[in-house]
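Below: one structure in structure tokens.
To keep things simple, chains are lettered A, B, C and D as they appear, and every chain counts its residues starting from 1.
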Amino acid sequence: MTAEHHGQHGHHELGWWRKYVFSTDHKVIGVQYAVTALFFLFFGFCLMMIMRWQLAYPGRPLPLIGGLFGEANMPGGIMLPEFYNSLGAMHGTIMVFLGVVPMVVGGFGNYVMPLQIGAPDMSFPKLNMVSYWVYFVGGVVMLTSFFVPGGAANSGWTSYAPLSVIATMGQTMWLLGMVFLITSSLLGSVNFIVTIIQLRAKGLTMFRLPFFVWAQFVTAFLLLLAFPPLEAAAVLQLMDRVAGTSFFIPAGLVVSGQVLPTDNLPQTGGGNPLLWQHLFWFLAHPEVYVLILPGMGIVTEVIANNTRKPVWGYRTMVYALVFLGFMSFIVWAHHMFITGMGTTLSAFFATTTMIISIPSVVILTALLITLHRASIRFTTPMLFALAFLPMFAVGGLTGLPLGLPAADIPLHDTYYVIAHFHYVVAPGTIFAIFAGIYYWFPKVTGRTFDPFLGKIHFWLSLVFINIVFAPMFWVGMAGVSRRLYDQTVYAHGLAVQPAVELSSWAAWLLGLAQIPFIINFFMSIRKGRTVSDNPWEGTTLEWVAPSPPPHGNFASVPVVYRGPYEYSVPGSAREFFPQNVVAEA
Amino acid sequence: MSAETLPYTVHPHPITGVYSGKLGTWLFLASEVMLFGALFSSYVLLRVSAAHWPGHDETHLSVPIGTFNTLVLIVSSVTMVMAWASLKMNEFAKARWYLAATVVLALVFLLVKLFFEYMPKWEHGHRPGFSSFFALYYTLTGLHALHIIGGIIVITYFLLPGSALWKKDPEYYTNRIECTGLYWHFVDLVWIFLFPVLYLM
Amino acid sequence: MKFAAVATVVLAGWCVWASPALGQQADAPSTVGVTITGDYGYGFPPDASEHGHEMDRLIVIVHWFMGVLFVGWGVFFAYCLVRFRRRPGHQAGYDMIKAKPSKYAELGVAVFEGVLLISFSMPAWTKAKSPPDPATAVNIRVVAEQFAWNFHYPGKDGKFGKTDPKHIDTAINAVGVDRSGEGKDDVISGELHVPVGEAVICQISSKDVIHSFGVPVLRVKQDAMPGMRIPVWFKAVKTGTYEVACAQLCGNNHYKMKALIVIEPRDQYDAWLEKKGAPPKEFEEE
Amino acid sequence: MNRFVAKVLFTVGACLASGAPLWAQDTGVIKGKIVFKGDPAAYSRVEIDTSKDPNCGKDGKKIGTENVVLNKKTTPVTVRNVLVSIKEGLGDRKYTAPTDKVVLDQKGCHYEPHVLALMEGQPLTIRNSDDTNHNIHFLPKVNEEVNVTQPQKGMEKDVKLVKEDVFKVKCDVHPWMGCHIAVFTHPFFFVTKEEGTFELKNVPPGKYKVEAWHETFGTLSMDVEVATGATVEKDLTFEPK
């Protein structure tokens, strides 16, 4: 890398559009991703808060805002089942594909990763811009689907065929939206991998990479290889809906008394609904790790920085991470134990599922042991990062009974499953996201946030999010299925209804608990105290760049001399060694 | 910042030995493999689970036309390589001719597919909804055709407006043609798989 | 800034205070004239099956295991947070501690998971997956449709009649059984009746989309796949009236896709089958 | 000029539709009955098993099959739920739909009426009078599909049918629940009741093709000539093989 690569500081100023809207700067794009994703996270959260009313008080008109949703959805404020299903499907879709993934990969990955590897930008800046705007279009398509006749997709975020094939027009929009989102992720992942391989600063070997970069690296590979099958599946389902094919529709279906008109069925016996599930879960299981790995990366950064010591067993963690990524491709069918799977197949997938739990345990343990003999600073990001550990532990552990086929029979598709994966993603990844926001906020804005509001936000969120999800374990144990518009029609559902009501109230309070964050966020951007380049006294390269980093990131090309987390090095005057500092003899 | 000012866009990375564009293309192709892989496995699953699979006498796919198209694509691959080679030998004019030839061949492929394969089948009522076989036939070949169209667009770009880059930075231009070539070979390769699977098996 | 914090706390407080006002209990289910047997609560639902306790036991064991791990981690976690908090004169240690215990812990986890899988899960699963010889069992076809369950009994001759969509009469012949031939004595019911203490094989299938035949009290769950007929089997050991729930999102009224399952002594079962098997009553408007 | 013609036609239509007396003497009436020839026993109705949903028939009221409903008391035996309407002969007369509501009621897990006829654009209300959930599923040939849930008693949904059509309606929660809806461009239609007779009033003079449609027996048709003020009486007979 030679000097002229950094000549751009003298560059003529770009126009407003090129600078903030159609920018090719990874930092601007990162912020664009993050802001859009935060919007979608909030939107998806709102959908859920509306659903929670129907769950808590089935068939009772939604007070105050009930009238706003139109006669087709909520006549007299009473939610109709079809609208409930739409909300459920879109909550899942938006949270996963429009919220969390764009946030942790598009947002944090885009902004932080190039800084941490000492690169001036991503390898393909224009491609980077394209992937954001493709994602944006996908998001718009998803949102508009609420306004088409029949409402948004209502076959669940898993869109199981044939239900999704005979569903209303919203499903077509969903598929189109997915094609956009998938394309965006593919372009992004190519960009990430190339950047990490090609643009690392001099001396930054793979085993000197911050764990966050490793997480992004593995995640990118998951996206790259797992998403295309879903794209294929989406294309096939589109054909089924639009071109009259029947990839997922078996012969002789009788829908509401009418034999489903499908021309080809006599000739070939039609399609296979399991095909969709295999293609879908082949993506969607790695997708789970796409949701959690970057979260682990963020948490590791924050913990290393706030324990003021190197993370324990860095290499072990990296190996565990890679192994996790690899294994995640051969566990998908544990979502399908009760689709009529035989003994052999289930044994295989149960085994791989048990195996994949080990590396997660390893990473968690490593992070825990890191706390040992640390000097823990309880900063706001650290609080979120610390909370991540037990929350993720709950989420991970409760995966065990679901991974054991016999135990899965009673628990499958009950609230137990909901509680399980929400513990992984909500107090897990979402807390990691908050940790990341608070941790890198000074770098991005050059200002500090208000720690007091931050702590309020943390404690309220921690309490309420647990009251939301913990009861669901008991509701699930009692055998209540998920995706029920009104569980009180069942004796076992009515018996645990109070727990559902409790969850709802906690959910709404959790919504209120985000107010301090929102206020903090916007006020600190404008009024926050300006800070130095390295307010957290971090060692990784992003803290070497100015805050906020200029176009091209680094004043001078950083050269790396050591591992990522050189804190409290014995027999040395300074408490921490940034990676680019020459060791004093 | 514009791509040119980034390291390793033109010159290969000392350790990995490739320039970023090439690596990116390879990764993109990896995902493409997964895409078509998924579709091929769908083909296998549907065919295995099907009560009856239409034989060659029922599908009426014309092997001669298929073979012709296969040859067309193979030749277009060759011209694509020649284009890159002549750029390497600094013969820009020649390269443009080869690129043009590639585009023409690609168009020939599409036209043959449209007028001698799709349209007659469509008239015969052999539409996607007719049987799982034709559903797969239209989906697979259609997706492949989309890839061909994409290739045509890219090559045409480098042939006309994009060629300005040659004067600014010949090596960079050559690299881009090489990447396009990689993609183009992949598209041909997909067809090499499609042809026997759909026409012969 | 402080204002926002205070406001939040106040608001939160108000909601908690106001919650009983809005929080009247939802209306009870409108299932009339039917009382569901057994008491339901936050634990497992009542277990009316022979094999259910195996699954329950497995789940309990797993949760003890999870509990031990979690508490173990939790204690260490809490200890570290207190003991190693930043305070004057306290310095973080740089060099790695040799954490042999963690290695053993991880190894232990792996081994125990193996045990759970091989000696608890697999036997139960294999049992669930190997139905007895149909000749010795009660055979029932469960045909799911949006949004109802149809239960198809072979009738006296013990043979199912041929079924074909063209015979479907949504009012009286939902499964489309051919009434000529073996189908003439077949029984189609909206309620599932099974004899207690006998092996029952249910052939699960679907007319339209994917449903799931879930009976919490029997610890049975099996997706109903259109185009397939998948057997599940169980031996009910407690008599009573329980509920069958659809456990797979199947459309608008998924939540109400419910049927009653009546487990009764053999003689009552036969009597019921007899009654159901009788030709339908002539209908005269009053 | 055109607007004037339109106005006139409008008034004519309105009066005809509402059977205004001052026009009555200028129009005729077509009446008759729908006769059934054959063995009534072969078409006896049977009770429907509603055990799927205990809420159905909790008032002790049983419901029966309706694919054929004969009136055995009358002689000759007549057929109920037959849809009689003018098929041809009205030329390009235009009629405006009456504004009074037609109600499709769901009562005791049973549709009332079983055959519902209305004019294009005439307001139709679907009501749930049951203490359970219903899922109204229109399976139209040309109109928009309707597939909505009414989870609670007393819920109402207004629907507009804007194209001429005859189609089945089904409840997806209670598979046995079915009925038929017919949409016409003119007001000359009638659905036979208990006595199995029909009467088309205020028919302008002219030659017509009158059609009778039954969900099981299919269609019959007859040619009728209506003179001013006259009443044509003509029967139709179904002879199922």
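Simple rule for what comes next: a residue touches a chain if its C-beta (ideal position, glycine included) is under 8 Å from a C-beta of that chain, and two chains touch if they have at least 3 such contacts.
For clarity, every value in this text was computed on a predicted model and none was experimentally measured.
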Chain-contact steps, minimal, separating chain C from chain B: 2
Selected interface, A-D versus A-B, where C-beta contact pairs are more numerous: A-B
Rounded Å distance, chain A centre to chain B centre (Cα mean): 34
Length of the line joining the C-alpha centres of chain A and chain D, rounded to whole Å: 55
Gap in Å, rounded to a whole number, between the CA centres of chain C and chain A: 29
CA centroid of chain C to CA centroid of chain D, Å: 45
Shared interface positions of chain B, touching two or more other chains: none
Set of chain A residues in contact with two or more other chains: 59, 80-82, 256-257, 270, 272, 485-486
Of all residues in chain C, the ones touching two or more other chains: 30-31, 145-146, 170, 251-253, 256
Chains that touch, pairwise: A-B, A-C, A-D, C-D
Residues of chain D defined as touching chain A within the complex: 133, 137, 139, 144, 147-149, 151-152, 155, 157, 168, 170, 172, 175, 178
Contact footprint of chain B on chain A as seen in their complex: 1, 4-5, 7-8, 24-25, 120-121, 123-127, 186, 189-191, 193-194, 197-199, 224-229, 231-233, 235-236, 239, 243-247, 262-264, 267-272, 275, 278-279, 282, 551-552
Residue ranges of chain C touching chain A (in the complex, touch as defined): 1-2, 4-5, 7-9, 11-12, 15-16, 19, 22-31, 36, 38-45, 54-56, 58-59, 62-63, 65-66, 69-70, 73-74, 76-77, 80-81, 84-86, 90-97, 99, 102, 105-106, 109-110, 113-114, 116-117, 120-126, 128-129, 145-146, 165-166, 168, 170, 176, 207-210, 212, 214, 216, 219-223, 225-228, 230, 243, 245-256, 258
Residue ranges of chain D in contact with chain C within the complex: 44-55, 58, 62-67, 131-133, 135, 147-149, 151, 170, 172-176, 178
Residue numbers on chain C that touch chain D, as the complex places them: 30-34, 145-149, 169-172, 174, 188-191, 251-253, 256, 259-260, 280-285
